[in-house]
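Shared between the two complexes below is chain A, which pairs with chain B and chain C, respectively.
Up next is the complex of A and B:
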């Protein structure tokens, strides 16, 4: 594997190998006083963030440092980007300094792909616009695998702002690859056009079940194995997608009453940052059904696994 | 997973390219003898047998069973995956990681015996020594291997050797164990390369 740009074309074996590595790393570090592995000593990882982030950036930084890589953080504000330097020049500069891997977050969909065609370093997509966020999907899959045992045949309900969500896109593709069935629940205005065809495609049999869509959360919950709540991305909305925050919250928020509709084993996920009281109630976040803290914890191990697969092997001939 | 070409299953037995060096009965006898040697050298102090995946792990378990059977102090058994500590990661495609399970009471002040199937370059053992240090400070570390095939690249020697097998570098030694390969044997064949 040279880059991690999208979950769409990740073969099932690669996904399973990454998740297995993450699990082994988690276990290898369990109960250790010194959480430091020498594996990536002398390798340099640059995080290049053109959008705000707390967990993804910190998670990549910790993942790199726990494996002894040197991690350099660059954010658009406070760098030459603010002076008008282009993405390409910034990337070439970083590559010239000897970066082995660039982790990029950018508001434009496809930015990571472009970057990968310009530089010789490994590129990891840490979120590009409304397109993809592969490591988030991997950590969600790791968390679900841990809680549910397997994803094969499991029903995962994704609720909320699917239209603006790169997390949803990455998850839909990845979870289908792992054999899960995806049900989307959202107001019609927050569903992308043609979403019913996601998960289909020329090799539909291989790809698994097509995505199903509904607009009523109460009827969807009883049959679901996991529910993934999405944040309403006000920063990407320029127009009225729903009448009011209160109305959205009443129709699509995960309340304590709705939590009781879920089967006993069902898991609640949220990629964060959460708007408590909007899409998810306080008490739900703190309930044992919620795996939100586990998602964050697994995020570090999944990102370590990605760095391991990208940086700790013989370079593939491109 | 011992050394670059030191181990690994070597295909079906009986093909002309390879021959059996040790039979199942011989492997069993060798493990029994190694158990006696461990008891002789360490009793009455309890030992901790730590197997290096893949085939070091079943070997460590068998050795522990024999030691128990022959009246030695009951050894504890652990697994130590050394992949993350190897110095040759970037010379090969991605290596899958394996489980690490060490006894709950830790390694501090224990008499550790590392167990692996084939000793070749010594690099696996070097990585294991680095990895061990992260988990604690054993009183002493010894090394037990089923087969020593020579060609060391580092100043490392085993304390317990099941069988010395002088080999050429363009040969491959394969240890087969029931737990991992369905049969017990040690095979040798000429390398494909």
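Up next is the complex of A and C:
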């Protein structure tokens, strides 16, 4: 694996290997006083963030540091980026400085793909526009695997703004690869064009279970093994996609009453940051069904695994 | 005038039997076999196909304003090398071609360079701002004699303003060329609204944004008894609306670009902005419908929408890139690949869609004329059996944003003649 740009074309074996590595790293670090592995000593990882982010950036930084990599953080504000330097020139500059891996978050869909075409360093997509956020999907898969044992045949219900969600796109592709069935619940205004074909491969052969779509959360919940709540961004609330925040919350919010509709074993996920009271009720976040803190914890291990597979494992093969 | 020129062994419109053409004083003086060409320079055609010189209703020559991407000189060279003898230069320059001064400047530069007839297109609205009409009459009365008006790049979306523009240009014997795009439906749009863009997270440009404007404008043209030309038709739905309008005698014409005939949104994967155009590349079903409509005549002609862009405006992330591709030097080959080779058009048909119809729509009286005695010797000679590999860096345009990079295309322009003068021969400009 040279880059991690999207979950769309990740083979099942690769996903499983990444999740197994993340699990092994988690076990290796469990209960250790000094959480530092020498694996990436002397390697430089640059996080290049064109959007504000707390958790993803911190998660990558911790992942790199626990593996002894040198981690450099660059953000769009207060750098040459703000002075109007092109993405390409920034990328070439970082490569010339000897970065081994660039972790990029950018508001333009495809920015990570473009970056990978310009530089020879490894590229990790940490979120590109409304396209993909592969490590989020991997950490969600890791969390679901822990809670449910397997994803094969499990029904995962994704709720909310699928149209603008890179989290949803990454998860739909990845979870299908792992054998899950995806059910989407959203108002029709927030669903991507042709999403019902996403369970099918590029040539329309069945790749897994076809994605199903509904608009009623109450009927979807009893049959679901996991429910993933998507954030509703403020700009969407005023974009005319639905009449009001209140109506959205009533129709698509995960309330305590709705939590009771879920089967006993079902898991509640949220990629964060959450709007408590909007798409998810305060008490639901803190219920034992919610795996939100586990998601964050697994995020570090999954990102360690990705860095390992990109930077270390490849060297061993060479 | 220079020495007469005898074209030997030429096949007009791809006819089976070659003939000779004797060109004198800019016109076809004689046509037949065994002509007495004493004293004439001889050009050995060796069975090349002759068509009337190609006419492009839609090119962006970028001068004035973006001379780093293209100039009237380099654009004229690209046009002549592509077999063109007339080019309509779009108005979205800087300053905008919305006054007699600017259109006369463009026209005069075209004349000075002399490789193709450069017809400036006038802006419909002042500054392309869509607020009030530009001085259409002054541009029509200028030395440039503007007959085609367009806000291309943007749409005249205000219904009342569009109605007034159509009515007013009827009095000028002009035509409004509409870039059909409802801006409310395409806010932030990056690619054809379909499954591929949805997966790639690129905001969709819905077909309805084009089709609704085309339908509206056909009704406005009907009521104004005015001439409407639809730029770069890109959807199967627009074809159906055009059919409806033409059946009712509405004065509407339409063009399709070579890239919409050949390329589809399958190109989006990888996010290379060389494939970013406006309107966007659409589905295979759309391009099939466009090919059929061009063959049938529902879509009248091919226009390149030649849109050079400096490297920094393409070598960036998709959403930051400017839309548009080079088209002048590849158009004929793409039409061969998509229309002639599959049997949808013969060479008469190519002459119709790339020369005769566009000349009539744009009001270029001495272009797109028959290959016959007494007619202007404005011709392109084509080797239909040759193939070539497209290299952006080797094209005459200053920019190199071709979506056909590395593709092998059929057909080669061997020579282009403008009123008896050879403008390009064997891929080289002759003056």
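Note that the second predicted complex is superposed on the first by the 304 of 318 C-alpha atoms of A that agree within 3 Å, B and C clash if a C-alpha of one lies under 4 Å from a C-alpha of the other, contacts with A are read in each partner's own complex, and residues count from 1 in each chain.
Just so it is clear, a residue touches a chain if its C-beta (ideal position, glycine included) is under 8 Å from a C-beta of that chain, and two chains touch if they have at least 3 such contacts.
Not measured: the values here are computed from a predicted model.
Residue contacts after overlaying the shared chain place A:38 against chain B, while chain C stays out of touching range.
In the superposition on chain A, A:240 makes contact with neither chain B nor chain C.
Touch criterion met: A:197 reaches chain C, while chain B stays clear of it. In the superposition on chain A, A:309 makes contact with chain B only, not with chain C. Look at A:108: by the touch rule set out above, it reaches chain C but stays clear of chain B. Looking at the shared chain after the overlay, A:288 reaches neither chain B nor chain C.
Comparing the two interfaces of chain A, the one with chain B and the one with chain C have no residue in common. Put simply, chain C touches chain A in their complex at residues 190, 193-195, 197-204, 270-272, 312, 315-320.
Taken together, the chain A residues at the contact with chain B in this complex read 1, 17, 20-21, 24-25, 27-28, 32, 34, 36-39, 67, 308-309, 312-315.
Touching chain A in their complex are the following residues of chain B: 81, 84-85, 89-100, 130, 134-135. Per the touch definition, chain A reaches chain C in the complex via residues 8, 86-88, 106-111, 113-114, 117, 128-132, 166, 169, 192-195, 197-198.
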